[in-house]
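Worksheet: one structure, shown below.
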Amino acid sequence: MTSLANAFTLVAVGCGALLFLAGTLGLLRFPDTLSRLHALSKADNLGLGLIVLGLLPQAESFAGGLKLVCVWLLAQISAATASQLIAGVLYRRKSRP
Amino acid sequence: MSLASLGTATLFGLCGAALAGIGLFIVIAHAGLLRRIVGFNILGAGIFLVFGAAARRGAAAGFSGDPVPQAMVITGIVVAFSATALAVALLQRLFDLTGRESLDAPAASDKQQAEP
Amino acid sequence: MTPLAPASVHLATPGGYLLVLAVTLPVLGVLAMLVVAPRHARQVALVTMAAGLVTAIAIVAELIRTGTALTYVVGGWQPPLGIALRADGLSATMIAMTAMVITATGLFARGLYALGPKAQDGRAPTTFWGLLLATWSALNAVFVGEDLFNLYVALELLTFAAVPLVCLDGRAETVAAALRYLMFALLGSLLYLLGTGLLYGSYGTLDIQMLSRLSEGGPALSVALALMIVGLLAKAALFPLHLWLPPAHAGAPAAASAVLSALVIKAPVFLILRLVLDIAPPHAAILAGQILAVLGASSILFCSVMALRQARLKLMIAYSTVAQIGYLFIVFPLAAGNEAQAPWETIAWTGGALQLVSHAFAKAAMFLAAGVIAEAFGHDRIADLGGFGRVLPISAAAFGLAGLSLMGIPPSGGFIAKCLLLTAAVLNGHPWLAATILAGGLLAAGYVFRVVDRALATPAIALVAQKPIPRRLELVALALALAAMLLGFVPLEPFGFLQLGRSGAMAGVAP
Amino acid sequence: MNASGLLLAASVLLPLAMAACCIVRPFRARALSLLGVAPLPALLAALLVPDGTSAFFPPPFRMSLLLDRPGAILLGGAALLWSAAGAFASSYMGREPAAARFAIWWLLTLTGSLGLFIVADIANFYLLFTLASLAAYGLIVHEQSARAHRAGIVYVVLALLAEAFLLLAFVMLAAGHPDANPAIRDVVASLPSSPMRDGIVALLILGFALKMGLVPLHVWLPLAHPAAPMPASAVLSGVVVKAGVIGLIRFLPFEAGLPFWGNVLIAAGIVTAYFGVIVGVTQTRAKTILAYSTVSQMGLLAVLLGVGLDTADAGATSLGAYYAVHHTLVKGALFLAVGILAATGRARLRPVLLLTGLLALSLGGLPLTSGALAKLATKPMLGYGYVSYAMALAGAGSTLLMLHFLSIVARDARENPQSSAPTGQIIPWLVVAASSLVIPWSLYPAIAGESIASLLQPAALWKVIWPMLLGGLAMLLVRRITKLPGSIPEGDIVVLAEAGTSVIQRLAAGIEQVDVLLRRWSVAGLSLIVVAVLLGALMFRA
Amino acid sequence: MTMLLDLALVAWLLALAIHVARARDDQGAIIAFIAFGLLLGLGWTRLSAIDVAMTEAAIGGGVTGMLLLRAEARLRQRSSQPQTPKRTTKAAAAIACTVVAAGLALAVLSFPSPAPTLAPAAAAALDSTGLGNPVTAVLLAYRALDTLLEKVVLLLALLGVWSLAPDQLWGGAPELRQTVAPPPFVYLGRILPPFGVLIAVYMCWVGADAPGGTFQAGTVLAAMWLLIMLASLRPAPETRRTTLRLLLVGGPVLFFAVGFLGFAVADGFLSYPEGAAKPIIVGIEAALTVSIALTLGLLVAGPSSRAPAP
């Protein structure tokens, strides 16, 4: 059981880390702000989600697991808002000559 | 002394020393007041890391660090924040009144006052 | 060293609670002021001042009665874990001096920072009193603190109270002066804090008494002390670190300048005294003392000349402050360089303390008088003040008397102080310091004389006050100047008192 | 404290109390008319209190007073002049609006200058010395003219310099002493054995010489004395300069003697005596000539004291005091005479001029006047060496200078309209003039130890007459030089010093530049670090 | 392995600090500083100081960053950049600061071993307070005076900030946003605060026994309040309001009251009665949390910029 959980954790966290890496690469290499934003929020949402998911089996208690989920949720909300805000700024800048 | 033989505490202590040096440099060598305020915060961070090193080294009695310097750092961070807030408020007031963001040019300000 | 810190050296004394009161009462006044109607802020301040004055007197009386230092261990937690407060003779002197100057300033400001009959609220009238009381608390905390980190918090409290006082009138140049003051003071505090961290890392305690027993040379101690001393020097505005003081002290409202110049810069000086004489190992103290003395001597000469060159009265007084602070630093080699006597048994110690106190009174009187003058004529350009002595005779007298004390003319307190320092310089074989003291006196005479000469002059067009000045304002300044004068008549009294609470110092009472 | 002690105390306290009372407006209004009263306790004390009486004020004042013979002589003469000049002043300045202020400065100066003659402890000597010095500033600048202002500045600078020298000297004197405020007598007794002896004596001589006006430290005197109102000039030139004399008398170890410093004083004195005459002769204003005469006379006094110090002759102090009191009264009377002459014209002029001439020539040593007595009394001490001749020649110089003075006042008064000075001025003047002629006679036997009869012998008369004749001859010569009057400005070498102020100005401007640099943020930050590194490195090495 | 991680962290921190020193524009420098603050929080966890890590991340990175960014945005309209110091000055400063850093490093390396520590003393005294978190014990029991004074420092800084308002605006409300808030932000301002308050309450409560406490909780609350104000959901309060002021001083006043009560019921100022220490401390913490949250929020909001309503 534990070994299964560990394997799951390893895979999920590994995927998450990989997504973060990809996101970072995107942040550095993509040409314009919107695509960079896209890469970043992908990494944030999915990568963090995978890592939290992978860590859930390792949680010692139910409360601990709940905290992890909360962390993901909060990060989700803030990342979404931040992306929206940045995009909004971009949009306004473009619409103004 | 090889790097590995340095404990985490000492490593961060040295990092604190270096940060303090960098912060001091920003404070002294930058004319922009906002940057100086940032420099103060970096200097402060370096200082707190020195405290942190002392705290980590003092791990004993089942604690992973000496709580006394940790508490001091918390107090220090709050004090540093109040200082930053006061400095920023003064800076904004100065900017509202004069439109400049520098203290080092009293001659220029005299000219400004003399012109109109 | 064992991981457990050494046993405590602090034993609470019965009167120790007075120290708690001295630190907390003014702050309680500030808290009350934030809540009550703005109309009553001034009353709260005045009531608090009365209580604080009584506390200060009680501390001095208790010290004289018991003959030993007052100690309080906060919350019963013994240092090094907890914090102790302690007042020896010097601290009690500082507390008493602070109480008197603050009370006088309060009386001076009573009419100036009051709400008009119709106003419900006002910025300066309400904030001034809070900042003044907070300054007082911070000063008392510095004078009784025994724990270096506690002292850091007290120093920050002092800075945060003093900086807004500088720009209370809201003009652009005072805001700039305040910002410069805040930044340099912050730099000083941070360096002090850095030293504190290094000391904790090396000794595991920040209690001054314990450190004085533990401290032995070594890189950490040297670096820590150097940083702390320099940080405090920056706050004390000793030459060449005086960049912030002249604009700040000259730009602040008169009542604030008086407190800033007379008291606020004394707090870091007091701490330097404690660091060098209490914590530094003796041989390091001697070397550090010599550097400090060189800086002090340069401060006296350089800034006295600068004071002579100022066209504006308040700037002149501000530069004079930097110069007079220099005298407090030439005490170090005179007090610490003696093998046979402990520093506090030397006449230089007494002379330094007397200089500290007499300068506080004289400088407060000067700034208040200058404030009255600037208020009356709408400017403080010295050249255009010809004949002000006829319009404001009491202020002119206050300025002159305070000036006599700064110059070191008998029978003022400043004279006794300089005489003692001069004697110490002669006895210890420091001819250059003796020459500096004399030259400083001459230069001080020069800048005081410039103003007195204007006061006595009869210009072609008689000077007319633009505003009526209440007599009370002038009398407060005169009272402070007289206090500086009268200090000269109690020269032998403080000798024993200043040594109270200093180990084994009770025996030697030698002028 | 017995009655004598109380009288001594009163001589200091009464004028001080009167000055303090000036805070009250009604008193202030009448203060001027009471100036003549203030020195009366001192006068009584000098007359009635036996030598050696002392008084001690308890703490916190810790002042001890002591009346000895030189002190009593000087105190008496000074009090008399102060009293008479005070009475003169109340008539002279009566209607001036600033009279009250004048009275306050007057009383303070009076307190200091009289107290100096009787104070016995070192701290209060300094206190009174300072009081006399600083309060005199108020008298000098009283007329608020540009001249008075310049004189006041030069005076204050040099007076404060003297204060600084003296403070250091006193501190060095008292440094080895167990008591914080020792008696002057005690510290002077231990002075010859002090390791810092030469430094102390040099500082003392510098400080007191500044006060007396010995060349080249005399520059303030010819500026300041003429600038003051007439009665103030009289006391400044007559009494206040004696603060330096009493200082030398009190602080130099005449019992033990210091040959080197004695010779220094002699040399400075001789130079001063001649210098005063030479520059004085070129002056065209009566009061300035009198001031230069004071310079010259102080030079003679310095020679006298120098000889005493050289030969370890404690009697020099009494002789010095005797000479000084003669100068006090005569010079005071002469200054008052200038005031009287200015208000006198035509028919009344002749008697006044006659008396003035008598007084003036007394300074040169006219037989049977106090000048002759003073010169004769000091002759034995000077011996018959070069010093004696130098002094005799200086007497000739004094005669020359006084003749010059007389010619100037006579010329000035020639145009006066028919009038006479108020009685309130004439009487004080006559009192001073009379006492200048009488008092030295009464003191002579006690001081010189000879009978008065010996004075009338031809040899004694010749001793004083030949320098006068020489002086008269010189006068004839000097009158021929037409370019002479006004060729040297008042205050002579101070003009050179004032030319040097531009250098000082430039230095100060340089300091200001440095200050601007140091107050730059980055420079201040750098100096902060430099000081820190210096401190850290030094403490680490310790 | 962990050493490598630490080294990487340290390298990051130094690189960011140097970036702050070298960045051309202030905005970049401030953003680097915010990242620096967050990484530093990570560093504090490596030093096993979780309480500090939370405080540093919340205050050092979060609120300070926000304060600086707001200031930068306001200052951006300035006419001229301040002139930079001369190259020689910079070089001299660099050398001097290197010397200082080297001296500090020397001092840090010379810390004695075994290290002096107060941990055993703190542990021994912990029982009498009934607390589980030694940092809280230090802050609110052993060195309560520091904390008390530091609260006053906060209030005083606020008084100082307020005193910078122009005379006619005194007593009015600060203004956090001149323009209309963008919808996503308003959305965030609606959904996040309940979470935030919950977390703050939890932190404050748990602080007695585990990492957390009044500062951290206060900062989170302050952040939520600022969010609401920035989203224009609620206006900033007028600074003259009595309720606001009562809440501001409430924490410190309670602290003082308990301190003075110590004279009566325990052995002196700021000592707690035997056995009742923990509930008293938690009570103080609760009151302090509210005060701190308000103070921090108002410090960021700045002096009043609207005249008080008549």
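Order of writing sets the chain letters: A, B, C, D and E. Residues in each chain are counted from 1.
Keep this in mind: a residue touches a chain if its C-beta (ideal position, glycine included) is under 8 Å from a C-beta of that chain, and two chains touch if they have at least 3 such contacts.
Everything quoted here is computed from the prediction, not taken from an experiment.
Counted as hops between touching chains, the shortest connection from chain A to chain B is 2. Any chain bridging chain A and chain D, meaning touching each of them, is among E; the list is complete.
Sorting all chain pairs by how many C-beta pairs they have in contact places B-E at the top.
Distance from the centre of chain D peaks at A, each centre being the average of the chain's Cα atoms. With centres computed from CA atoms alone, C is the chain lying nearest the middle of all the protein shown.
With each centre defined as the average position of its C-alpha atoms, the distance from chain B to chain E rounds to 14 Å.
Inter-chain centre distance (chain A to chain E, centres taken as mean C-alpha positions): 27 Å. Rounded to whole angstrom, the centroid-to-centroid distance between chain C and chain E, based on C-alpha atoms, equals 31 Å.
Multi-chain contact residues of chain C, defined as those touching 2 or more other chains: 3, 81, 149, 153, 156, 160, 163-164, 167, 170, 175, 180, 183, 187, 194, 198, 201, 204, 219, 223, 226. Shown for chain B are the residues in touch with two or more other chains, namely 13, 20, 24, 27-29, 31, 33, 50, 53-54, 57-58, 60, 68, 72, 75, 79, 82-83, 86, 90-91, 93, 103-104.
Of all residues in chain D, those that touch two or more other chains are 520-522, 525-526, 529, 532-533, 536. If you check each pair of chains against the touch rule, the ones that pass are A-E, B-C, B-D, B-E, C-D, C-E, D-E. Contact residues of chain B toward chain C in the complex are 13, 20, 27, 33, 36, 40, 43-44, 46-47, 50-51, 53-54, 57-58, 60, 68-69, 72, 75-76, 79, 82-83, 86-87, 90-91, 93-94, 97-98, 103, 109.
Against chain E, the residues of chain D that register as touching in their complex are 522-523, 525-526, 529-530, 532-533, 536. Looking at the complex, you find that chain C touches chain E at residues 1, 3-5, 12, 17, 20, 24, 27-28, 30-31, 34-35, 38, 72-77, 80-83, 121-124, 127, 130-131, 134, 137, 141, 147, 149-150, 153-154, 156-157, 160-161, 163-164, 167-168, 170, 175, 194, 198, 201-205, 218-220, 223-224, 226. Within the complex, the chain C residues that touch chain D are 180, 183-184, 187, 191, 217, 219, 221-223, 225-227, 229-230, 233-234, 239-243, 246, 280-281, 283-284, 286-288, 291, 295, 302, 305-306, 308-309, 408-411, 419, 422-423, 426-427, 434, 438-439, 441-442, 445, 449, 453, 456-458, 489-492, 511. Touching chain C in their complex are the following residues of chain D: 59-61, 98, 123, 126-127, 130, 134, 138, 141, 144, 152-153, 156, 160-161, 163-164, 167-168, 171-172, 174-175, 180, 196, 508, 511-512, 514-515, 518-521, 524-525, 527-529, 531-542.
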